[in-house]
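A short write-up of the structure that comes next.
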């Protein structure tokens, strides 16, 4: 590594949003030909740093130099011309434009693009409009487009999140081939295993300062987590002993032969009271539709749903709520009112029926909201608008809403996606607490190891059916992954 | 030389119009007596005065016995829209078009095309600068003049006037302003201390009256037809101490002038009959019959007050009609319909009995 | 954790303060140009003149808080006034009920189209506006033919002071009203329109702040999907909002009809854009979810003071329009900067 | 061809079909159909068609311009005032100047929106008051005039319908097609479709917005000039500008431009103007009050958007 020259060097970079200091005195260096992980809890300043690097915003002070020359990027276009190409979690393709016109917009060479894409074993109709393309493929298209510009520095921001395993592997091999060509990659991910596996070095940010930079290798996890959390409590990988699987509990909800959309075909499962049931699946197996059906948000085509042994029809989320089924969607933004206060967000369900449109009982509302805030440890410093809360606190508000409302079954769709380690732990604890209170939780997660940490049992969906129904001792990542790929698991 | 060019030009014009008419003549009913097709283009719909004007055209057409149909294109539109309407009427094959133009010159091109095709164009109410048309209207300069005289008389020859005009730039408003100022200039003790535009909009007029009427500030009010709500506002704002108001022949203004005389109110009614439409129709039929009609036909208004014209004003009020009804029911020498026929508002083609 | 009343307080109070400042400056300027404007009757007059716009803007506020807009509001107002005046011959209660029915029906159609069928509010209400203009243009000569005189009771309710003082000030017509006894001026200030506006405003504020419906109006405007996921039937909220908007608009229209003394098809036309401007100046986001009616009330008063200032200045229609536009733009700009800074 | 393209084409097809049906219907009502009648059709739609096209460009770019009617009225007033009693050459030079003025006004509005961050609808609402005020200042009363030769250049000598037809088609060929193919054109769809993604793709969102408003202003300027050419006059009234603006929005939407941005073209709006012109005239021939056409126009706009919305929902659902 000593022979490598410095490609990008950032020195004492500072950026504030009004009174909030997002970056203070951040230093960061990427060598040419290395894969560098950029890590940090939510609000540590990662995304601000990436935005500055890609010309989305500019810093208040500090210096950036590229190949030893000081630079400053006035726009994403400017950054791209300087050899920096980002690929974000949400692909930067224009929904209403065809791929061809998207390429024209960024001045990308079509032939080169097709070469890059077919190197990944993928192809696409260039006349297809972006909005019609599945998200995982769209991300790969975005990546191929970035590669077509032959970037010196590729920035991959959470690109592997919720990406199916085969595609995630392709991303990793692309990173390696970039490295072999002497190009650099900045890799941002919450999946620590990936980082240990492929990154050369890692830099951890905390509170806008780079706190640690070291060579990444297997076993760095502890060091990463410690650096990310600082002096705060460390996370235990295993949970408390609160898991007690009581098979004698009665069934709360049963789905029989559910079919809907392109993916769900003849899917059946049961969830008991006081049970946390994990759901594992590769991306695009219809798990999101399953959750939406149970939440009353999408329509069931065939099949039946029983709650407490009674058949139910769920046409609207209100029907589900009245059955005691609550839904925490994967996309926090779709469950929150960003411009309203924590209080209004927490109390929203109180007014769901026309009969409750009358005068607000301020006292009872206040008590209820206070309870939720204290039991979920929501940070209320920015309570007037939830859009100013951190991602973790926003997620707590979406869950807290159901704590104030009361529920029997909580549908949690990837609740820890993009959340820092500390808050993740709080959410795990919370889910276990619900189970202890005799409530059921259906938990889908894209991080398979969470299943072993939180769940009592897991089902794996493959090709629209339940491929495997595993007790917790069988829920190793390997087993889950095999089942998710359609390989039978021995019980 | 001069003469010969003229002849050539005339010959060309005739030739052009023959060519133009050639196709039409085959289909369009020949303009024989008793079978005239009349088109009406009106630039402002949903307004009581204009509706009455249109009804007068229809009623008079029905009674004339010489008109087969009246096609009315009445809508709120801009100059381009009205030009399109006039052209549409021409393609429809009418023999005469009665135009109440929203703009003094913007429809000239369309009118000229109609005239060139041998269609008689009669402009009513608002004058246009288009040549070869016949104009039928109330004399607005005289309107301003007689109104001003009566107002100044009622004010005792001195004091401040609240001058509430119509719409800036409209032909009628400009003409009335001319007549009004002519008279006011002769009385040095009379001053126009506040000048506002109501745009002939009742809401605007009402708002302005409520805002501007302050006890002691004015001794007389001129309105350009947005009249009776100014009187109503006086009841509230001046605590029933009325000052003279010049208004038009709006039904409600006539009623207030009649009833509030006992409270010292002087209402000066200067009629601006909407049934001038009936006069326009008569002129159209005369033209189609080949009679000679002067290019400009102006109806002279008179200022009416309860003091001098008690009977006239008492008989003008029509309780069955709305407040903004233009309460002049006949124009001797022009119209022949009865009030009932006017209110019925039927064109010849509207019913089996020919609308009669 | 106790005081939840901090509803983005800093931002709203800042902008409210600046709105107050602007209103104050406008008032001082008007007063310096014509000292009569400093008198109590003149102040009362501003409130009196603001009432109708205030009601229309109240409707528009509710609509815009849900993320909608009602461009048919002027025709709803005009239509209500028309129905009341034409049908008043069958008795005022019947006329008013018919007008109310009309408002509810039109509001419901707008709301259901937006809420259930997913119509864009701009297009829906624009289309509705065209339909209503057509219906009433036809109506004037057919089913709504008749006297458009506004009934006396409504004229009184839309113009008179609550207590009639005309007999108290005897021989003072020619005298300056500033010489009247102060209590007369103050009583005169309490006009029915002012009273009605104040009363309705209290109701609107109560609905928006203190009721579940109010919460949902904000919720739906901020994020309709979130509201749906929380079990709220969004279309019910939107429909109710459009109905409320139409009813408030109808009330404004009837008031306007009473103040004009006559009803014409163009009655409320000139109030449509100001009703939106008042809401915007008051700081309600056109995207919904944030803002309040207090701001709209200030916006209404600012626009009314502005137009009386321009009348005082004897400014031509051209200058009026220019200043009006410039002020709306500047205020929106200042407001945007303030909310950005917070 | 993919679903969305097909859908876009089917929309255009439906509009062409509707315009054709109504056109044939209308022609069949006429005693005769010749050059004069064709000219009447084209002159009847030209100003509003141009305005709808300008509005369409702005709506595709994710905005909306409620001041576009006021821009046209202002240019109408400016040209009728200053082109009165001029020679043909002077008129042409002035026409070019006024089109540039229209662009400049549009650019200014775009700049205010870009810099202030206020919603388009609010800025343009305010500027619509402002511009009408300026128009009234320029022409306190209706009137003015223009060189007759220039007028003939715009509207053609009776019964020549070719010049106005050229003015309808030329902007599509000279402005729209090059725009659609240019980087600016792609950027227009991009910022209308997703501002964030466009920004990340390297589009200068603010500059694009300013340019689009400038092009919108160009169309408004053309519309105002054409109005002067047709009417040989000008009218400085707010209600005219408001009606024109609302019609331009209706025309754009009816022409297949999605109000959410990113979808549509300019041919649709031009045809939509034709449809909106035929409806009242067809009714007229049946002796029906033209007021009914208001009802039909309003209802048609609602239904078209409703239908389009349902169509979009269905294609989105198939994803």
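Think of it as A, B, C and D in the order they're written, each chain with its own count starting at 1.
Everything below uses one rule, namely that a residue touches a chain if its C-beta (ideal position, glycine included) is under 8 Å from a C-beta of that chain, and two chains touch if they have at least 3 such contacts.
Only a predicted model underlies this, so the values are computations on that prediction, with no experimental measurement involved.
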Chain D and chain B - chains in contact with each: C
Pair joined by the larger number of C-beta contacts - B-C, C-D: C-D
Chain at maximum distance from chain A, centres defined as averaged CA atoms: B
Chain centre separation (chain A, chain B; CA means) in Å: 73
CA centroid of chain B to CA centroid of chain C, Å: 35
Chain centre separation in whole Å, for chain D relative to chain C (CA means): 32
Intercentroid distance (Cα basis), chain C paired with chain A, Å: 46
Junction residues of chain D - those touching two or more other chains: 136, 140, 236, 239, 289, 291, 294
Per-residue overlap in chain A, given as positions that touch at least 2 other chains: none
Touching two or more other chains - residue numbers and ranges from chain C: 133, 137, 141, 285, 316-317
Every chain pair meeting the contact rule: A-C, A-D, B-C, B-D, C-D
Sites on chain D touched by chain C in the complex: 64, 112, 116-119, 121-123, 125-137, 140, 236, 238-239, 242, 246, 249-250, 253, 259-260, 289, 291-299, 301-302, 305-306, 309-310, 313
Residues of chain C touching chain B in the complex: 36, 41, 45, 48-49, 133, 136-137, 140-141, 146-150, 155, 159-161, 165-166, 169, 172-177, 256, 259-268, 270-271, 308, 311, 314, 316-317
Parts of chain B lying in touch with chain C, wherever the complex brings them together: 45-48, 51, 75-76, 168, 194-197, 201-208, 210-212, 214-216, 228-229, 232-233, 236, 238-241, 252, 320-324, 345
Footprint of chain A on chain C - complex, ascending: 1-2, 4, 6-9, 210-213, 215-216, 218-219, 222-223, 225-233, 236, 240, 285, 289-290, 341
Residues of chain B touching chain D in the complex: 20, 23-24, 26-28, 45-46, 71-81, 83-84, 87-88, 90-93, 102-109, 113, 116, 168-170, 174, 349
